[in-house]
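Alright, structures below, take your time with them.
Each of the next two complexes has chain A plus one more chain, namely chain B in the first and chain C in the second.
Moving on to the complex of A and B:
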């Protein structure tokens, strides 16, 4: 019964450095691929599309990107539990359909609710696992410098990259504070009122401690030309080949075809 | 002359400077606020409290940096949370966006200066959150989401209510407690910061505490709270009864 926040250093630095075709693609191409997969799985008029996409696109791509083992581990530890929880919630509580398959107390699972829950869970799985694949094969700063080169305001890039760095630090700090306050006798496990009362001693130091750093950091990055509006040169060149352009247009075309089919068939 | 040209070019280039709300302090505060949102959200889960409290950072940014900075913080919180920690947070980014926006608008209107005004802010934010989250829950999840409060929705559905009504009444029962607590905690944090520090943000005047308790103000406050409670009861009865 210890109160421990799981450190997520491993989770936040998803990126695995390998030499694979997927790693060599331009970050924007991979982002288009991911968004395309998500849109197609959500908009397709056919029931089995998300299921098929997972089998014929996402799993093979994880092998192409040579991150199969890491992908499978994330899939089993993070994605599958979240999706199964959603699946059971919906299968039990969705009040649609008449063909009762299974009855438990006042809850009944109907064929329709089962199918509905299964498709929804699959869509979530497709969405999250394609993002996972993207994060496994793309370094965040690579993505951000490419997007900045294409016109994304550099402040956005700063916010994303900075959050990914601060978050693990903040979680480590939270863990330290929880341990420190517990060693001083803070009650974090008994009655509701006591647990609610222990909220402020925990979040107070965490919030004030991290806000103190804000001013120093602002001065530091201002001194390094953060607010300068001139074009900044980048140390790294991110390749963008003709193949990338062709792939991007293919994905966009596929999404448009899906939308047209959806409108046409419904 | 040269100065005006430079100012013009800056204006045309940095389209994000909405009313100067985005200075360097804002850009540095946003990542910290996102991390605060996520870290406190996890602490609350560990303490097993029946609230989320995952938008304290968002409300904080909205109060001292304006509505658009708050909206950006909210949306990015859910997107980053969704892709790195819990996938179920991802579809709710519009809710977080509007929480930041409404909290910022309330703060601009002067509703972040004393505790009772903050309660009003929290209530308005809760109303927004309930309104925005209902269509997402209904059209994306068919009403039942992965959140614990879906048990209430499921119960209401079993009693024969429509999906839209069941989801909205559930949000309306859960959100005010959560959002008023969130706003109060954000207010307490802002009041705990030094004046010199807050003054470096774009909108320090939003959170300047009002000196002395004015008698008429207090009466207005009580009136507003009573009206809000009556409104809530009316809404609830209408929704539940209909």
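Moving on to the complex of A and C:
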């Protein structure tokens, strides 16, 4: 099978190729799952919902998807530090409640602000973790072909995917232009203002060069029938089983129940 | 039988006064390999775009005359229908990568997905085309990780897989190193040998002399010369009009002026030059 087996250095997405139940789910199902988890953790009227979701849903799912190691690495290196930062900012600067636990210079830390910050941090963790899990187990082209099949305009899908791919290329090109300008005496290493000023000669070649490229690329994809009015087909067969349908409806139902409970209890 | 038929074509790009092509007539027979040469600005690319339907469907502007390929008139066709008859590849291999695909195999299938080819046929056609252009071993690579020559072969294959009747190539080797050039010409030659109609705009006259059936010299949007490679490429009109010519031709012409080259025609390729000079020596 010609399904995405790529050496690490050529990888441009988060996707990790594994053979797992999560990989075999339909991309839309996974997207529904992710959005469902996010909505439930944000809308649930109970304080501990995001914490519980993380423990009973997201961590186990990373093991089901056989991407536990990759997930944990992203979690510890990226998600946890970012969420901790958020937690401290909110805990210190949220002027709510009067049960002061301790004082730090002019800052009052109250029990309320601590609880508030903790929940918000957990919500963010749930959101970013579930998207990470989604990206780790879903190939971008598979996601886009599936969404296109369901009616997403192919132009839209193209813009998303090609941006993901072309960004590293543009970065490389910017490096080349910087090197070329520096070899002609452009100062890129002194004071901040100087450097900001020296960005201008880089923008011209990069932007105008890219505009020319856009025209050529438009011709290239046009030459391959991009705007053809025929019904498009897909190289890959994207799974969509009864389980997928059931999961999607279950999650939609859970979200609706959460919203109802939230309205009812408040 | 003429598969390509241009009658009295005149075309102006939007916002320009001078026509890029002027009163051009051109017939190309099925299976013919035609090379187009000309200095920069002579209209080579515009002619390629016209044949491939991008003039007038993509570039707009003002086109008069008849453009007909395989019996269909360009004015009466949409671009997406036209490209299934005429395939176009051009200079920069990097810009011909769709950017929407992660492997070469997917990249090659892109055009077939767009035109609604069923999955089994799609896979078979991609595999055949890769075999033909010798890139089967690249199937799982990312198109962006390839060398220029490899990328250009991928770009060519991505057009061939759509099985066009006419292949139009706009300076496909101008950004290639000698190895890349040889690889790309190898593919073009193989396509021509299989009976595909090939129209190639190209500067590298020594390669043209080896493979093309016919050479057309363009100047200021008009056809200056039209004939066999040995006739057109050695014509004294070319250097006088700013065309690049083969170094073997210019060497032999100098030798001729000094009375050292006694054969009738001038050489274009190394082999012809060697043969001509060694015959002189033998006499």
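As a working rule, the second predicted complex is superposed on the first by the 218 of 266 C-alpha atoms of A that agree within 3 Å, B and C clash if a C-alpha of one lies under 4 Å from a C-alpha of the other, contacts with A are read in each partner's own complex, and residues count from 1 in each chain.
One rule holds in what follows: contacts are C-beta pairs under 8 Å (C-beta built on N, C-alpha and C of every residue); 3 or more make two chains touch, one makes a residue touch a chain.
Source: prediction; values computed, not measured.
Novice: Just checking: does A:227 make contact with chain B only, chain C only, both, or neither of them? Give me first, second, both or neither.
Specialist: Touch status of A:227: both partners.
Novice: Look at A:141 in the shared chain and tell me whether it touches chain B only, chain C only, both, or neither; answer first, second, both or neither.
Specialist: After superposing on A, A:141 lies in contact with chain C but is clear of chain B.
Novice: So, A:235: does it touch chain B (first), chain C (second), both, or neither?
Specialist: Touch status of A:235: second partner only.
Novice: Would you sort A:162 into first (chain B), second (chain C), both or neither based on which partner it touches?
Specialist: Both partners, chain B and chain C.
Novice: Tell me which partner touches more residues of chain A in the superposed arrangement, chain B or chain C.
Specialist: Residues of chain A touched, chain B against chain C: more for B.
Novice: Of the two partner chains, chain B (first) and chain C (second), which one does A:217 touch, if any: first, second, both, or neither?
Specialist: In the superposed model, A:217 contacts both chain B and chain C.
Novice: If you stack the two complexes on chain A, which partner ends up touching A:131: first (chain B), second (chain C), both, or neither?
Specialist: first
Novice: Going by the contact rule set out at the top, does A:264 touch chain B (first), chain C (second), both, or neither?
Specialist: Touch status of A:264: no partner.
Novice: Can you pull the chain A residues that chain B and chain C both touch?
Specialist: On chain A, the overlap between the chain B and chain C contacts is residues 5, 12, 158, 162, 166, 169, 213, 217-218, 221-222, 226-227, 229.
Novice: Flag every residue of chain A that touches chain C in the complex, lowest number first.
Specialist: Residue list for chain A touching chain C: 2, 4-6, 9-10, 12-13, 139-141, 144-145, 157-158, 161-162, 165-166, 168-169, 213, 216-235, 237.
Novice: So in the complex, the part of chain A that touches chain B is made up of which residues?
Specialist: Touch list, chain A to chain B: 3, 5, 8, 11-12, 14, 78-79, 82-83, 85-86, 89-90, 92-96, 106, 116, 120, 124, 127-128, 131-132, 135, 153, 155, 158-160, 162-164, 166-167, 169-171, 173-174, 178, 188, 192, 195-196, 198-200, 202-204, 206-208, 210-211, 213-215, 217-218, 221-222, 226-227, 229.
Novice: For the complex, which residues does chain C have touching chain A?
Specialist: Going through chain C, the ones touching chain A are 52, 54, 58, 78-81, 83-84, 87-90, 92, 94-103, 105-106, 109-119, 122-123, 139-142, 144-145, 155, 158-159, 162.
Novice: Which of the residues in chain B come into contact with chain A in the complex?
Specialist: 9-10, 13-14, 16, 22, 24-25, 27-32, 34-36, 38-40, 42-44, 46-49, 53, 56, 72, 76, 80, 82-88, 90, 141-146, 150-151, 153-154, 157-158, 163, 185, 188-189, 192-193, 197, 200
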